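This is the structure I want to talk about, given as C-alpha cells.
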Amino acid sequence: MDKKAAKFEGVFPILVTPFDEKDQVDHDSLRKVVQFMVQIGVQGVTVLGVLGEANRMVDSDRKGIIKTVVEAAQGKIPVVAGTSHTGTASTAALSVMAQEQGASAVMIAPHKEPVSNQQKIFEMYKHVSDSISIPIVVQDHPASTQVQMPVDLLVRLVEEVEQVGCIKEEATPTGQKLTALFEGMQSRSVPVLVGLGALYGFFDLQRGAAGFNTGFAFPEVLLAMVRAAGQGNMDKLFELYTRFLPLIVYEQQPGLAVRKEIYRLRGLIAHNRVRHPGATIDPKTSEQLAGLLQRILPGKDLTKPISL
Amino acid sequence: MDKKAAKFEGVFPILVTPFDEKDQVDHDSLRKVVQFMVQIGVQGVTVLGVLGEANRMVDSDRKGIIKTVVEAAQGKIPVVAGTSHTGTASTAALSVMAQEQGASAVMIAPHKEPVSNQQKIFEMYKHVSDSISIPIVVQDHPASTQVQMPVDLLVRLVEEVEQVGCIKEEATPTGQKLTALFEGMQSRSVPVLVGLGALYGFFDLQRGAAGFNTGFAFPEVLLAMVRAAGQGNMDKLFELYTRFLPLIVYEQQPGLAVRKEIYRLRGLIAHNRVRHPGATIDPKTSEQLAGLLQRILPGKDLTKPISL
Amino acid sequence: MDKKAAKFEGVFPILVTPFDEKDQVDHDSLRKVVQFMVQIGVQGVTVLGVLGEANRMVDSDRKGIIKTVVEAAQGKIPVVAGTSHTGTASTAALSVMAQEQGASAVMIAPHKEPVSNQQKIFEMYKHVSDSISIPIVVQDHPASTQVQMPVDLLVRLVEEVEQVGCIKEEATPTGQKLTALFEGMQSRSVPVLVGLGALYGFFDLQRGAAGFNTGFAFPEVLLAMVRAAGQGNMDKLFELYTRFLPLIVYEQQPGLAVRKEIYRLRGLIAHNRVRHPGATIDPKTSEQLAGLLQRILPGKDLTKPISL
Amino acid sequence: MDKKAAKFEGVFPILVTPFDEKDQVDHDSLRKVVQFMVQIGVQGVTVLGVLGEANRMVDSDRKGIIKTVVEAAQGKIPVVAGTSHTGTASTAALSVMAQEQGASAVMIAPHKEPVSNQQKIFEMYKHVSDSISIPIVVQDHPASTQVQMPVDLLVRLVEEVEQVGCIKEEATPTGQKLTALFEGMQSRSVPVLVGLGALYGFFDLQRGAAGFNTGFAFPEVLLAMVRAAGQGNMDKLFELYTRFLPLIVYEQQPGLAVRKEIYRLRGLIAHNRVRHPGATIDPKTSEQLAGLLQRILPGKDLTKPISL
C-alpha cells in the first residue's frame, strides 16, 4: 500500500487493544476486531492511540500489535499506528519501526515539556518526517497531552512538513478550532478528522470535518453519519446523532471500561480487561450499560454489524 | 427562611451572572433571571458558581449579586451562594457575608494546595460550619478545582460536619461515585445533586441522584426529567434526555459563551457578554446554535417557559 | 509620592502578612515590619505577594494591609501592592483601590485560563494600565501561576503598555530568561528584579538584574549584595552569597513556615502563624533552623539589623 | 552480585546518558563515566533516572545502556536501573529485562493517573516485586511525576512489599518527610536516600538520610559529606556543603544542560548534548558556569578526582 493509500476521509476507528487475563496482548481478539472493521467498510484503522492503551505498552508490544493488525487488514484498508513518545529520537525510531511493519501512516501527538516551546514541537514533527516516507497524522488532544497547539503552529506544520497528511482535532471547543483551521490553511490544506468518541459529531461534520478517528464501539453509526453528511442530508445526520448520543455520551466517560465491555458484548474481544492500572468495568456500570443498549438497539444481535 | 428551607432535591439552576458592555454586573437582567426561575418552579437557585463567573468577582460584586438575587427571590425559593475561596478564613468570611445577605445555604469547593491534604480540607469545611448557621453544599468538581475528594473524605464530611446538607457530585465518571457515596453514607446521609450541565442526567438519576444543580439554560427540561424519575417513568425520562441531549452536549462545552447566548435569546439577559478574559460567542457558533435550537424546539418562542 | 518614585532598583522585600492566633491580620506586627525595612534602607516594599498570602485574603483584608503599610512607610519608601486576580475587571478594581490607598505601584501576575492565550494576557495588563496612573510590576512566576510568559510577550508589554515599570523575573532558569529579556527590550527597557528567595542571587546580578523583589528574611544581606554588585566587587558578592546560601536554600522551601519563624525570631512579628490551610513551623524544623542560624550568624542579636 | 549487594547507604550517582551528535547513545563515554565512579569509590550507580533522560529512550536504548554499565562496573559496584513506565505490566517487563542484564536493583516511581489511587500504586509495586528477585528503590519525586505519595503509602510499601529495599525521597520539604518516614517505619525499616542534586544535602543528612542518589557532577563532594556525617563531624559537613552550594544550586536548575557540560569539562563524556527536545547549554551559561567553577575549584584539573 503506497503512501497515498490513506486518504484520511471517512471513518478510522481507534482500535482497543485486547488483553487476556494475564494482562498480555490477545492477538486473536485483535485480529477479529480488524476483520470486523474491514467487513463494515471503514476507511482505515488506527492502533496504539490513547484508547489503545499505547501508554501501557513496551516497544515489543507495540511492534507485535502493528504486525498483527497489518496482517489482518490484508492490505484492504490502511493501518495508522500511534508512535508518540516523550523523546524526538524515540518518536522517530518508533515511526520507522511502524513503517517497517507495514503501517500506512503514523499518528503523533506532541508531549508536555516543563517549559512549552512551539519551535521544539515543530522540530519534532520535522525530524520524524525526515525519518520516514509515510504520512503523519498530527493529533491535537490537550486533554491527554496537556499541550496546547495554537492554530498557527498547526498551520505551520501543514505548510512546512510535507508528510503531514491529516490533523486529528480534539481540542475543545472543537467547532471553533475547526473553523479557524480551515480559514488558516491557505497554501496547503489537509483533511481534519475528529475524535473524542464522536461527542460533537454532528457539529463537527457540520463545520467541515472530513470524518472520524475515534473509538466509538459502533463505527457503523459513524459511517452512516459521514454518509449522511456527504449527501448533505443534515436531517438524517441529526437523527442518527441524536439517537445514539446517549451511548456516545456514556461511552466517552473517562476510562476505557465501557468501550471494552461493548467490544466484548459484540463478540469481538474475549475479555473486557483494561490493563493495570486501568479499571475494568464494575457490575453496576455493566448493568446500566446493558439497559442503555437495550433502549437504543432493542432486540438487536450486537455481534452483527448494525444496519442503519 | 430557616435552615431547613433548602431541601436539596429537584432542580437548583446555577445562575449565570449577566454583565453589561462595560463588564459590570447587570442587576436588572439578574432579577429577570431569578423571576423566571421562580415562575417555572425550580426548587432553588445557586449564584456564584463556576458558571456564575465567581472567580472573576471582587467581594463587593459577590455581595451585590447575593443581595439582588435574595430580594428577587422574595423568599419563594432558597438561594444558595457560592463562597469558595483559597483561604479558610476568607471562605468563612464570605460565607458569613452570604448568610447576612439572606442566603439559605452556601456552596463550597475545596481548593488546590501544593501538597494535597485531606485533613486540611476537612478542617476548612469544619471551620466554615462553625462560623455560620445555614447548610453547606459540598461541591466535588475536580475539573475546575483540580482537587480529588475520595469517597471516604466526602462521607467523613457528611458524618462529622453537621451542617453539610448536600453533596454536589461532578467527578467523572459520576455514576460510580454516586453509587459509592450511597453505599458509603451509613450513619448519616444527605441528598446528592449532580451538575456538569446535565450531561449524564439520565444515568445519574437512574443511579439515585436527587436532582440537578447545574446551569443548563432550559431548566424546564431538568424539572420534567426529575418529575419523570420521581414517577419511576424511565421511558419518559430517557425520551426527554435523548431529545435534548444534543443541546446539553453543545452547551456544556468549555466556556460560557453558548449558555449566555441562550439566556439572551430567551430574553432573560440583555447582553451575552462573558467577563474578560472569558470569550463571548462568535458569529459562526451563534449561527450553529440557532440552527440547533430550531431543530430541537422548532417554532417555539424561547422567551416563554417550555412546556414538556 | 509620584509615579516616578518607585525606581525598581535595589531591594524591595516582599512582606509577610502577620496573623494573630485567630488567623486575623496583625496590623501592629505589620507596622513593625515596615519600620524595620525603612530603618535598614530598602528601596521599597511589596505587600500582598504570594509570600504575603494574598491568595488567602478577602478584599477588605487587602485594603487594610495596604493602608497600614502605606501609613507606616510615611512616604519614605514606595509601597508596591500585589493586585493579581482571576478576572480582568477585578484586577483593575483592586489596582484602583491600591492606588487610592496610596500604593506607589502594583504588582500583577497573569492567571491560568483553560486555554492559554497571550493576547488575553496582554489585554489584561493594558486594561489595568488604562485604569490607574501608577506603574505596574509584571510578575513572571510560573511556579505559582502555571502560566508561561514568553520573552516576546514580556517585551510587547514593556513596549506597548507604558505603565509597565518593571519586570519581576522568576521563571527558571532565570539566567537565560534575563539575558533574553535584555536582548529583547530594544525600543523601551525597564529594570528587571528577581525573586525566588534570592536562590540564584549571585548569578542573576551577574546577568544584569537590577536587584531583588523577594521575601528573604535578612534583606540586609540582599542590600549588601546589590551594593557589592553595583561596585563591581564580584568577589565580595560571591562571598556574601556563599555565606548565606544555606539559609537562602533552607528558607525558600515550599511553604512560608520557615520565613515567618525567622521574622518572629527577629522580633518583627508576634506569631509565626501561617494562615490556614498553610502550615505553621513544626518543632523539629524550628530546631534545625535555630541550629542553622547559629552556624551562620553565631552570637548575633537577630532583632537588630545585621551589619555586613 | 547477589540481591544483598546493594546496601543503599552512601552515594549512588544518577548517571547522565551521553549522546553523540546524532542523538544516539554514546557507549564509550558511558563506560568512562562508570569507570570514573568506580575509581572515586561510590557505593553504586543508578542509570535511567530522570537525569539519565530515561523518558527519551526506546526500550532497546534502555537495554543497551544497562548492559554497558553493568559490564563497565565489572561487579565492583551495584548498578540500579530505572524502570518506571506508565503501565504496570510494562514496568514489570522492563524490570525483568534489567535483572536479566545484571542490574542489582531497580528504581521505580509511580506515574500519574487521571484519578489518583493509592491502592493501584501499591498494586503496581507489588506486581513488579512478584516478577523479579532484586530489590526495588521507591522513588518519591512529585516534581517529575506529579504524584504525591503520602507517608502512609510509603510505609505500607516498606512493610508489605518485601523487595522494597530503599526509598529515594525527593518530595519537598524533604526534611519533614524524612522525619515522618523515620517515625512511620516501625515493623520494618529501609534506608532513605535523597536526591534533588543534593540541594538540601546538609539538612537531609542531619535528619538521618543514609546518603545521596543524585546526579551532582562532583560525587567526590557527596562522598566527603557522607563521610563527615558518618563521623558526626557536622562542622566539616557544613563547611563542605556551604563551599559547594553555589555549584549545587546552579546545577540543579531545570534542564540537564549544566550537568552535562560539567561532565564534558571533566573529560567524562565527549559531547554535552541533551537529547531533543531537551536544550543543550548556551554560550552565556557556559561562560557563567566556567567562572563559577574557577571560583569554587580555582586552578584544579577537573578531569582528576577532587580530593577534599
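A, B, C and D label the chains in the order they appear, each numbered from 1.
Going forward, a contact is a pair of C-beta atoms (placed from the backbone, for glycine too) under 8 Å apart; a residue touches a chain by one contact, two chains touch by 3 or more.
Protein names from UniProt, one per chain: A, B, C, D = Dihydrodipicolinate synthetase.
The shown structure was predicted, so the numbers you read here are calculated from the model rather than taken from an experiment.
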item	value
Distance-maximising chain from chain C - centres being C-alpha averages	A
Chain copies touching (chain C, chain D) - same or different residues, decided at half shared	same
Cα-centroid distance, chain A relative to chain D, in whole angstrom	38
Centre distance in Å when chain C and chain D are each reduced to the mean of their C-alpha atoms	34
CA centroid of chain A to CA centroid of chain C, Å	48
For chain B, residues contacting two or more additional chains	115, 254-255
Residues of chain A that touch chain B when the two form their complex	172-173, 175-176, 179, 199-200, 202-203, 206-207, 238, 241-243, 245-246, 249-250, 253-255, 282, 284-285, 288, 291-292, 295
Contact footprint of chain A on chain C as seen in their complex	115-116, 142, 148, 171
Contacting residues of chain C [partner chain B, same complex]	23-24, 53, 55-61, 85-90, 93-94, 113-115, 117, 120-121, 123-124, 127, 254-255, 275-277
